[in-house]
Amino acid sequence: MKGIRSILIAFGLFAFACSSASAYGPSPLQDFCVAIKDINNVFVNGKFCKDPKLAVAEDFFFSGLNRSRNTSNPVGSNVTMINVDIIPGLNTLGLTLVRVDYAPYGVNPPHTHPRGSEILLVVEGTLYVGFVTASPENRLFTKILNPGDFNIGKTAAVAFAGLSSQNAGRITIADAVFGSNPLINPDVLAKAFQLNKNVVKYLQSRF
Amino acid sequence: MKGIRSILIAFGLFAFACSSASAYGPSPLQDFCVAIKDINNVFVNGKFCKDPKLAVAEDFFFSGLNRSRNTSNPVGSNVTMINVDIIPGLNTLGLTLVRVDYAPYGVNPPHTHPRGSEILLVVEGTLYVGFVTASPENRLFTKILNPGDFNIGKTAAVAFAGLSSQNAGRITIADAVFGSNPLINPDVLAKAFQLNKNVVKYLQSRF
Amino acid sequence: MKGIRSILIAFGLFAFACSSASAYGPSPLQDFCVAIKDINNVFVNGKFCKDPKLAVAEDFFFSGLNRSRNTSNPVGSNVTMINVDIIPGLNTLGLTLVRVDYAPYGVNPPHTHPRGSEILLVVEGTLYVGFVTASPENRLFTKILNPGDFNIGKTAAVAFAGLSSQNAGRITIADAVFGSNPLINPDVLAKAFQLNKNVVKYLQSRF
Amino acid sequence: MKGIRSILIAFGLFAFACSSASAYGPSPLQDFCVAIKDINNVFVNGKFCKDPKLAVAEDFFFSGLNRSRNTSNPVGSNVTMINVDIIPGLNTLGLTLVRVDYAPYGVNPPHTHPRGSEILLVVEGTLYVGFVTASPENRLFTKILNPGDFNIGKTAAVAFAGLSSQNAGRITIADAVFGSNPLINPDVLAKAFQLNKNVVKYLQSRF
Amino acid sequence: MKGIRSILIAFGLFAFACSSASAYGPSPLQDFCVAIKDINNVFVNGKFCKDPKLAVAEDFFFSGLNRSRNTSNPVGSNVTMINVDIIPGLNTLGLTLVRVDYAPYGVNPPHTHPRGSEILLVVEGTLYVGFVTASPENRLFTKILNPGDFNIGKTAAVAFAGLSSQNAGRITIADAVFGSNPLINPDVLAKAFQLNKNVVKYLQSRF
Amino acid sequence: MKGIRSILIAFGLFAFACSSASAYGPSPLQDFCVAIKDINNVFVNGKFCKDPKLAVAEDFFFSGLNRSRNTSNPVGSNVTMINVDIIPGLNTLGLTLVRVDYAPYGVNPPHTHPRGSEILLVVEGTLYVGFVTASPENRLFTKILNPGDFNIGKTAAVAFAGLSSQNAGRITIADAVFGSNPLINPDVLAKAFQLNKNVVKYLQSRF
């Protein structure tokens, strides 16, 4: 804990684009329901579960969150989501844990979690976090004067976040808008973002 | 109904950016709870309500959805949300109605509803609608080959949508990212969107 | 939209018998969960789903709501429910769309939706709508002096309604009371409705 | 317990008209929230609560359910609902208790609870109980050959029921249809129930 | 009903240890969903269901609650839980019924229901009931001066309770702490309960 | 992060006594609802909120979680709950953050959270964690052979936990059983825990 410079807690999105999308999963109907893979390509809302008599402690554990992640990418950050796909015992429990690594000056780009509010705990480095709300309209909340969910220190940073869903999802705005598969018609984006169509096409080539 | 060219129903976001953010409000605990204004600047989750004995039919009605809205704006569309702020009787009932007017070639720009899934009914004109999902990652679903929630016909279009929340919210991606108040640090956006900082500043000057 | 005479929005039941039965389904635990048929006669709360990688845009669409329905029946109305059984992509999204056609002077008989509140949009013709509440006890709310969810104009009418459930259900009071399978003991109904037993038997022969 | 002839448990409606309307209230956000009266004619979804430090055991108790109720009325039954209006401590807890007294051959008339499923326990006498479902359509389920939620024995009967809501509501079909305030237009009811208009008016004069 | 001495209703835990654990199950998405056994060792949150067309009245009934249970055990009480495992039709309905038999001076030991609040109805004998809350911290609520969920009369007692879950669960504190399988390390319990380690081991040998 | 020896994640209770009590709060009905104090001794389910226009970033932040807590107490641990009472912006968001400090060989005594499941992240030291389930009955799950939620290392330990509720509550079993206010009748506890009445009285004097 020596490395901790400051500890901040933020709810909602610690990014700048979409506001506090918050949806809670259904309550559990038994003590636990350890997720298993789909059966013959059939799925349910949530996950199928194994026989509770066969549950073992390993179904509820995960190790390795202490290891740094690679942040050598254009935005200089790396998000590790420990959700029900990683810890099967999280099924029906409405919680996800996230580790975010930041390179110096790295940015966790604007994003939204369609199913879950968020609480963020910085354990190493200094981060400036914020979120934009729908009402009041497009209001930006940040903790420090220099807004941005990016690392202003010269060293790497690490944060952990809790999400109120077993599968909160994550949509990075730029990727969804400019890098969908297939691509969105550039005429639409040009009009929506008030960008020249060539700029849109350039952006689409990057994402 | 003569003017109806085609009728399509889309769930989730009929825009292109953020996936199906879906959150249901709490169930009602009485037949109805007609919303009133805040009391002395105090609020609750949802709304305060008037005495049920004083409820009148007008608390549950709204007229005027048949009138066209002005679409003379850069994106060529106009969204009218009939939520609990407009019909106080919607409080606790988990429903919002929306009218969207499109100018010829108008676009309802990429957006997300943080609290509510959506079902869309086109009653006039032809629209191409779509949405992007978080998982499968950034997958674009559209009904017609030319993707886009915009009016490809030469005439105006009208759609109605139902949202599964009394106050679904609406975040227009471009406005939240480039037009928040205060503005997001342009360095953050430049890195996140892989745009030149001057382009970011130009965009911020437009929204 | 030329045909629209008036637009009214009603919540709850637009019928006269049972009050605002409102139940929300569980929140989705993933972006979507396109319903498939039961597997070997096994069911779940809601529906089984197909592999999300195999989802196509058609899973979320339905066309044909622009076509008039046949209203040549004793009550002079026809209800088309577009729920999860019709649009499999509605599964877990908590929404149903309904089209109601009315013949001149047609009546949508008193009914209740056991799982869902309702918002009604009249797109053609003139309707008088209302609902009865449990508390205040048996209070009737209507928008116009002549109460009744029936078409007082001389022309046909069309309304669309949104329900806050993927499978809101619909119980027509008269059918459930007098036309159940098997029939309810006429002695019970005679006492409950204060009707002569022969009247009950006559009614049971009609439904 | 000597008086107990048989014990049956039924879910859903123990009446014959409307199916299993089931809605759960929101989860509590604290240990308890003892309801108090409205404040200056302002209400909330559910109830305002008193200071938890002032809660006393009496807030959670009710006595007198052992006393027989008067069943001298046309239907020969009497329903006592012990909900949040009677026991303020039930607020946010999602439970209601009901006592039903039956005169010999008394009938608890067809009804629905808009917010709550039901479990019924007969503690004295013999009852035949049943319910009608929306899907399968208008299917009647009863436990004994002689269907009816009425006392077939020659003696009085008593049942207790639990409902899954702090305020489940209760709509007696016949009262809501024929005895609303103001009355429903008899033309509507005549068409909906396929009754002669004079029969409707006669019924309206009785309820 | 002659045997009824007093009738008390308690919410939450009628025991002394853990406070009002209250969790509601998800709302039903259809009229009913009669539980069946797991399929090939696969489970879901809640239960798989049978084809609704094959549902019969027996799926919703249970008889035998009028029979006394054996209370010849160290604590002098016997709890019979009628949950979804006993009545398959309770699936998705959010209700459980419980019968508790008490020997003279019997005790229903401190326990908690992890998923459900409780309402208690004493139908025979005299009971003193209570519960402890988390906030206000460790506050004990009891109805009578002599606290305890035990039978102070010289005769047996019977109570029925309703729980707001189809599978509320029940954890008897003493059994979970001192009788788990495998046993908890006695050093931990000695420190946590401030007991001598030998006392812990003695207790572990008893449960 | 140098001090991190191992990272384990546990759901449910990381204690030994009561199983996974899990209850989710209601979904938010607006972007945020920053909690304020009660108004004139009136409360609601959850909290009253301030005017959203007056919300500031500080409403969503908390600092100081990097400071060690004092663990000089009989059990050698200290639990700091950062819930809606500490961060008013958490209201309606369904999340709580917890810091737990352990002295060498300290124990976080058996406890339950009546409203919330839990995910635990060890950031310093070595902990052995576990939980007991209701079904399978009294089954103990632990990660390492030496069961116990206590620090087996010779140095202090720190863990952070996320809970799926804005106000999950916490009941320490031993305190609630033996240290309630007023005290539980020792006869009841003697019978329930199979302890000599004098041992019970001794324990009651300690808590």
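As written, the chain order gives the labels A, B, C, D, E and F, with residue 1 at the start of each chain.
The rule we apply is simple: contacts are C-beta pairs under 8 Å (C-beta built on N, C-alpha and C of every residue); 3 or more make two chains touch, one makes a residue touch a chain.
Remember, it's a predicted structure, so these values are computed and weren't measured experimentally.
*Asks:* Chains touching subunit B and subunit E alike, please list them.
*Replies:* Touching subunit B as well as subunit E, we find A, C, D, F.
*Asks:* If you check the contacts of subunit D and subunit E, which chains show up for both?
*Replies:* C, F
*Asks:* Among C-E, E-F or D-E, which chain pair copies the contacts of A-C, with over half of them the same by residue number?
*Replies:* Comparing each option in C-E, E-F or D-E with A-C, the repeat is C-E.
*Asks:* Centre to centre, using CA atoms, which chain is the farthest one from subunit D?
*Replies:* A
*Asks:* Hey, how far is the Cα centre of subunit A from the one of subunit E, in Å?
*Replies:* 39
*Asks:* List the centre-to-centre spacing of subunit A and subunit F in whole Å, with centres computed as mean CA coordinates.
*Replies:* 25
*Asks:* Going by the touch rule set out above, which residues of subunit D reach two or more other chains?
*Replies:* Expected reply: 19-20, 22-28, 30-31, 44, 46, 52, 92, 114-115, 130, 134-135, 169.
*Asks:* Which of line, ring, star, complete and other names the graph you get from chains that touch?
*Replies:* Other.
*Asks:* For each chain, which other chains does it touch, given as pairs?
*Replies:* By the stated definition, chains touch in these pairs: A-B, A-C, A-E, A-F, B-C, B-D, B-F, C-D, C-E, D-E, D-F, E-F.
*Asks:* Given the complex with subunit B, which residues does subunit A contribute to the contact?
*Replies:* Against subunit B, subunit A makes touches at 16-24, 74-76, 105, 107, 109-110, 112, 114-115, 130, 132, 134-135, 138-140, 146-150, 169-171, 173-185, 187-189, 191-195, 199, 203, 206-207.
*Asks:* Which residues of subunit D touch subunit E once you look at their complex with the stated criterion?
*Replies:* 1-4, 6-12, 19-20, 22-25, 27-28, 30-32, 52-53, 55-58, 60-66, 68, 82, 87, 89-90, 92-95, 97, 117-119, 121, 123-124, 130, 133-136, 141-143, 158, 160, 162, 164
*Asks:* Enumerate the contact residues on subunit A facing subunit E in the complex.
*Replies:* These residues of subunit A touch subunit E: 26-31, 33, 36, 39, 44, 46, 48-52, 54, 91-92.
*Asks:* If you look only at subunit F, which of its residues touch subunit D in the complex?
*Replies:* 23-26, 38, 40-47, 114-115, 165-167, 169
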